[in-house]
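Quick heads-up: structures coming right below.
Both complexes below contain chain A, partnered by chain B and then by chain C.
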Partner chain A sequence: MSSWLDYTINGLIVGNVYALVAVGLALIFGVSRLINFAQGSIYLVGAYIGWVAVVRLHTPLPLTIIVVAAAAAVVGLIIERFGLRPLQNSVRIAPLLATIGISFVLDQLVMLTFSPNPRALPSQLPDVRFQLGGGTIGPLDLLIAGVGLTSALLLFVFLRYTKLGWAVRATAQDRDAAMQMGVDVNRVNQAVFGIAAALGGVSGMLVGMYYNQIDTAMSLQATLKGVVAEVVGGAGNVPGAVIGSLLLGLVESYGVAILGTSYRNLFAFLLLVVVLVLRPNGLFVSARQAPPEPLTGTFVAPSRPVHIPRLVLLVAVAGFALLPLFPVSFYVLQTLINAWLLGMLALSLTLVAGTMGQVSLGHAALLAIGAYTSALLSLTLAVPTGLAVIGGGLMSAALGTLLISPSFRLRGHYVSIATLAIGEIVSLVILNWESVTRGPIGISGIPPLSLFGYDLISPSSVYWFSLAVMVVLALLQGRLLSSHLGRSFRAIRDDDIAARAYGLSLNRYKSLAFIFGGFAAGISGGIAAHLYSYINHETFNTQQSILALTVVILGGLGNVVGAIAGSVALVGLPELFRIAAEYRILIYGIVLLLLVRFRPQGLLGTI
Partner chain B sequence: MSNIDRRTLVRGSLATMMAGAAFSRAALAQSAEPILLGVSGPLTGPNAQYGAQWKQGFDLALDEIHAAGGINGRKLAYQFEDSQSDPRQSVAIAQKFVSDPRIVMELGDFSSPASMAASPIYQRGGLVQFGFTNSHPDFTKGGDFMWSTSVSQADEQPLLASYAVKRLGLKKLAVLHLNTDWGRTSRDHFVKAAKEYGAEVAVTEGYIAEERDFRSTLVRVRDASPDGLILISYYSDGALIARQARQVGLKQTICAASSVYSPKFLELGGEAVEDVHLGTRYFPEDPRPEVKKFIAGFKAKYNGQEPDAFNAYSYDAMNMAAAVLKIGGTDRRAIRDAFAKVKDVSSVIYGQATFDVESRRVKGAMNAELVVRKGQFALWDGKPT
Partner chain C sequence: MADQHAPMLSLRGLTRRFGGLTAVDAIDLDLGKGELISIIGPNGAGKTTLFNLVTGLDRPDDGAVRFEGQDITGLSPERLAAEGIARTFQLGRVFGNLSVMDNVLIGAHTRLRAVKPAMAVIGPLLELGLALLRPAGVRAEEERLREEVKAILARFGERLLPRIDQPAYSLSYANRRRVEIARALALKPRLLLLDEPTAGMNPTETAEMQALVAELKAEGLTILLIEHKLEMVMRLSDRVIVMDEGRKIAEGPGEEVRTDPKVIEAYLGHGLSGTTEQESAA
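Moving on to the complex of A and B:
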């Protein structure tokens, strides 16, 4: 069938586009073992600088490319110097969080400068089309392929055959040893960030021209697809990233061919999970190579947690419990309800990520499972809402653990990426499984919470209910952490080989952590569903997962009180910045960066 | 109500006293202080562009309202709270507005999850939630404080189907739609109407809002060999699909929903959107006086920029709010009741807008059949393309 040829060509064309981002990500990962979530933002910045050059300054294409590359490289150097270098000796997770903060700041700056309206970025190449299969390709397709392949090739040669390239690889293998051998590690990092950023900027511009459209929402999508392609190819492997991108494009295209357009991303993320499970180092990294992640617990730095006297905690809980008796506005109560709901999610994540060392980036999926279960139980089976919420928690515990279990054998960053993919898969299944979830229409008319026949409708009653549930979950978790089980969890986090040698079954303990965590998150999602009365597949999105992780790191990994304090802070801060309107997310990003910079172990420290 | 206990009563009376104090102060300053509307919508986040467009429409309408003497002599103002179209933030904003005695009515939110999550709070708090882009069929079922001027897709899609099937003579259609609550509802209404008019729907494809690459989707469309493509899209994705359709060599007639009606559609689509047909609620050379006034005013205020569909929705919404306040005053319940009383409010979208009290929506949107000719929207002259 000639259609299959067309699907193949289309897959390669779009894979070509993904490759531009993936190569930059791979380069940075290769050197600093860091998934640079700001790469998509540099891509965005490049697209808008390209727009200024083309539309305002009318530069010819070669000059445009040089201008964009240079400007993006400067942005990259600034990020490296002021955003990441100060975090060199801190926790491994801190730079990851810093790149998320930097991407907030860059995206917001672009949005504030250029307004969020999409713009046209006209291509400066002649508009000739070549027939290929049933469709056509243009000169821009060739240019993108050229830039992708050439840069991959150049990087490959650079890393293999030049002195600086050797230094880069030496730094990647063992930073301390490289330093002892006289490698100027900072210079290497600078070079890598500069090159990767230049590439990112140019790719943003080229992709903008390709679609004749740039907008501020393009950054997150670029990062997501780039990360998938990079990991499929083998993190840190530059030629692998190109092949991974083409493969991703093909799988998506065939996915559309077989099941239809709305299944496209489902195929992309399934590919990622399958590759991670079968070949955790990626398709093109030989199994002989040393695992790219450290064996022992440097991902989460040990620190001395801040000791909070029990009396203070009691007073704080009592204070919050008595709050609705004072004339505070419902707005304050509602904001705190949001904080308690996020707090339950953060408790779940801090157990899984902090205590157990499985940093999940797809935690919102657990909320969604809990919410849908509880909503459907109460709507279609008329289960009382109190029981339905518990049902949501149980379903989330069971289904969440089952879904996550393939990633139990992964480590470090790979767990994060696998969970990110699983989170996306859950959301896409909700979108497409219309007979159960009602697809994009969502579920409306979800009854409000009720307990023993009393409807919890007033803000104070919902407030008390969610506060009580959160406190109970927190107490349970605190008990768990101080038990034998909690010590086993931490042993696995700190050194899984030693733990295994000691006779601990890793999978069983990981399952236990996810069962408990899934329950707390599912309860939170269930309460949210009854509170909102309407949910659809967008209610619990990736931003929620990232927010939850930010809360957990801010509070201190594994720290129960920290998770709750972090939730109050991160729900409260954007509300406090309301006065700043459009600027509030920018301010939030800056505050986040400062926190990571000056308190990377979290406000209350890791336990 | 079973959930009232003594504490809430005590607090309730405290709140009443405070509100009372605030009210007497407000009464003193009645002429000086503007009447305040709350707006909940996206100013940051992935939907920020729509919040920015809302503001343009609101501000233009406010200028005109004030030039005409305001609301019974008082000025009108709005407080725009950024929700990022996130239900967690829209519910907090809802409580904020409900407990702020200065706010007399709320407008928004943008997306269905954000709007409908806040509905129970507005309903219980007795504050009108006036959703002017909320086409979700269940939005106004949230309660009698939910009102909407959003064009019902049950109204709009048969018009588009009639344009495509009866006027353009298309017989075999491929429908591409945004896979959101709006796109899905629209698709269902469109397919139903198109079949009634005797056309065959060969394939329907739903895509997510972030999608940019449609080449493989278009191969599916090609293989169904339709004689027309129907786009149930917003302007940015609509332009992308049109461009890629032409690039992969599809030459069929394209017919799009009114939501692509924006100068951005022309800018982003370039030559590829030439000859694209679309149904809209108004058009540049529209002889209706309210449209002329809107377009002229908009261009004068925003440096010659052409208004688009979302500008028109928010402009109409602010005018509707003003008309309602003129009848209902500043009492929240009276405002709700006034929605049922306003008659024939001048509107870009409806010509004259009157609410159907049963559904709390407005019926009978205007319809114009446009086509893109030489990079401009023009009234279709009936000639085949």
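Moving on to the complex of A and C:
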């Protein structure tokens, strides 16, 4: 491809694919005010069903499309019926967490069934290209455009001329009024999830054919792109989602034309951040619209935290501190060191997501920032590792807060998107900024931890060091929670409108929460870098973010002791039962789903 | 400081449109220091929207809000809280997971001095540091505010004091309304906006609330009140403003307003005549 026309065509075609995902997201958001984080997983499932149909069953193309759409719709219906409907009267955070959990379960099931290796998905169409002005267009481009236009037309007819379509629109406008007028909201939800899933599945299949490759990483990418397009068009706005998608496709395509393929995602996320900052309600809705009402429900599950006597905590800490003096295996210490490192991350996340109500899905990025800063400080500037780790914490606090700040004026679900996107941006920057981060090669030979000139090399010294750091961070966080900041954070989480009416600046307190939380996460990443001695852009990945989130929900949102107990449980139990690594994410996802459904306040209760 | 006779709060041509609907339509209002004005009107008349415009939660399309002579149109709610404007919410917006004590302490947030040094840029970082280190000055301030909260809660008799450490979500509906009012008082407001403080309260509770509002008025607090219970409105108000479909349709002393034909029509004869019958029966 060479001409601008080619880039334009490519942008519009990719935009069409995004539109199929984004329209589904917009429909779902319209009727249930929920950003469906599992949309990308359905897209993934669609791609793999397409692969089975084409490669194994040798179905003709029209049948392939029908099979994929039908199978994906069934997945969507199952998600709606068993994942979300039971949570209808639950707290606002519950469905958000549920779709995140579902997404991980689906992705892992696909990965376990088909292996994580990429597969080819042939398009079944003749490989010719037609001249069109100065560019060319292939049959697959036409197919994608055709599917996009046909779906848009069908959706328009459905929403405009069928009874169920009216019900969908009525529910989107005013759910309570629609229910009072006898609209069966469950049927509306079913319809919307079915349609969204069918469109998402077909989209995944088409993308697989377009690039002739499918792999399990597609899921997260699709969710992100679909959400970006939807947010650009205005959440819940179906035509807006289409326009947002085409715009996103074009921006990416021109961006690739100027800077190269590895920058594709960067353009997508920059578009997202620009829109979030300038027009948080999307391109077509004025930013100064009144905040959505009503917000009478609470964000987190109300509960009384389980009171744990100070003495018990003291004994527990002392017990763990004395452990290395007993003949325990290296393996046990290693496992617990991992638990302490995860504990620091969980402390950070429980503050940000639990106390402050900003459910961050990109928390691993804070680890990465801390790890790279500490590693580079000690390697290139020969800073003692003890200080370098603190430098990593400070850098995570500063940079993390700066990066996340565009999302401060947004509510619940948007924060999760923004943090997810920021996580991606950080790993893209690490990958591409080779002069500093050494790009894909990673950083090796990171010196071991040292304290006042003594190297911490023996397992027990590392164990004590990480335990001590975690305990200090936990004590600090406990002190923070008992101060006026603790109640200010929690007030903003419970009702940001009332909090503002009493003089609490959202920017100020969200920043402070991210500064404090970023520091703890950065410290954890910094220590990890010196323990591993080698890191690259994949060392700190979404798996850790999700693990930390599961820990936080397990322990109880905002609960300091819960975060640590949850870390020990989720690191220790899989080791105890020798669960293979590839099944762990699946289990975290299932644990998350079960908690959201049956014990949303976690084991030790929300604080 | 503004002239003593100048109104504390003055609205001029305040207008807010939602699409084709004009929720608040060219409202003028002058509220003197120490005065209590009630706003009445049928549901959907635009009373709460008017409150939102005054407290910065929504911005007017037209018109101006002046507070103590200063133009405050379109300022953020945070700024207005710092200026001394406190409000309660119609639907009762307490912080569900916070204790009664913490809820009311949030009301005093704008008055924190020791822990919140007024410095640009580094102010927030100092606030974090001071919250963690808690030097004597910060501890003393917190202690003083806690004592103050107890004094405010004591105004509600034994309703809230025994529940001071309970989370707000566990309180009865009436007690949540009381917590809201306590929270507003903790701000030491110069202007207090009460949005249906007695909604959902039984006659005894309503009478208690009425006595409290009368007490606040007697202490010199300037109050803007939205209320449906007309008996309370008539007893407390210096003046009454009647809104219907966003417009002000009547203004004046309570007795004058309740006999105004336009007002009776706005209520379709139900509200006012119904209350009158009840009162004459009593």
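Heads up, the rule we're going with is that the second predicted complex is superposed on the first by the 516 of 607 C-alpha atoms of A that agree within 3 Å, B and C clash if a C-alpha of one lies under 4 Å from a C-alpha of the other, contacts with A are read in each partner's own complex, and residues count from 1 in each chain.
We take it that a residue touches a chain if its C-beta (ideal position, glycine included) is under 8 Å from a C-beta of that chain, and two chains touch if they have at least 3 such contacts.
Being a predicted model, the structure only gives us computed values, none of them experimental.
Peer 1: If we overlay the two complexes on their shared chain A, which of chain B and chain C does A:89 touch? Say first, second, both or neither.
Peer 2: Once the two structures are laid over each other on A, A:89 reaches no partner at all.
Peer 1: In the superposed arrangement, which partner chain does A:516 touch: chain B (first), chain C (second), both, or neither?
Peer 2: So A:516 only meets chain C here.
Peer 1: Please indicate which partner A:13 is in contact with in the superposed arrangement: first for chain B, second for chain C, both, or neither.
Peer 2: first
Peer 1: By the touch definition at the top of the document, which applies to A:327: first (chain B), second (chain C), both, or neither?
Peer 2: Once the two structures are laid over each other on A, A:327 reaches chain B alone.
Peer 1: Is A:485 touching anything from chain B or chain C once the two structures are fitted on A? First, second, both or neither.
Peer 2: Once the two structures are laid over each other on A, A:485 reaches chain C alone.
Peer 1: Which partner chains sit in contact with A:505 here, chain B, chain C, both or neither? Use first/second/both/neither.
Peer 2: Touch partner of A:505: chain C, not chain B.
Peer 1: Going by the contact rule set out at the top, does A:435 touch chain B (first), chain C (second), both, or neither?
Peer 2: It touches nothing on chain B or chain C.
Peer 1: Is A:180 touching anything from chain B or chain C once the two structures are fitted on A? First, second, both or neither.
Peer 2: Neither: A:180 stays clear of chain B and chain C.
Peer 1: Once chain A of both complexes is superposed, is A:444 in touch with chain B (first), chain C (second), both, or neither?
Peer 2: Only chain B is touched by A:444; chain C is not.
Peer 1: Between chain B and chain C, pick out the one touching the greater number of residues of chain A.
Peer 2: B
Peer 1: Could you list, by residue number, the parts of chain A that touch chain C in their complex?
Peer 2: Touch list, chain A to chain C: 288, 290-291, 294, 296, 298, 300, 302, 304, 476, 479-480, 483-485, 487-488, 490-491, 493-495, 497-505, 508, 511-512, 515-516, 606-607.
Peer 1: Mind pulling up the chain A residues that touch chain B in the complex?
Peer 2: 3, 6-7, 10-11, 13-14, 17, 108, 111, 115-120, 122, 129, 134-136, 138, 211-213, 215-218, 220-221, 252-253, 256-257, 260-262, 264-265, 324-325, 327, 329-331, 333-335, 338, 341-342, 431, 439-442, 444-445, 448, 453-461, 528, 531-536, 538-539, 543, 571, 574-575, 578, 581-582, 584-585
Peer 1: Which part of chain B faces chain A closely enough to touch in the complex?
Peer 2: Listed in rising order, the residues are 1-4, 7-8, 11, 14-15, 18, 43-46, 48-49, 51-53, 80-82, 84, 86-89, 91-92, 94-96, 98-100, 111-113, 116-117, 119-121, 124-125, 136, 138, 141-142, 176, 179-181, 183-185, 205-208, 210-217, 219-220, 222-223, 236, 239-240, 243, 247-249, 264, 267-270.
Peer 1: Write out the stretch or stretches of chain C touching chain A in their complex.
Peer 2: Per the touch definition, chain C meets chain A at residues 18, 52, 55-59, 76-78, 81-82, 86-87, 89, 91, 93-98, 102-103, 105-107, 109-110, 112, 115, 124-125, 127-128, 131-132, 134, 142, 167, 169-170, 183, 187.
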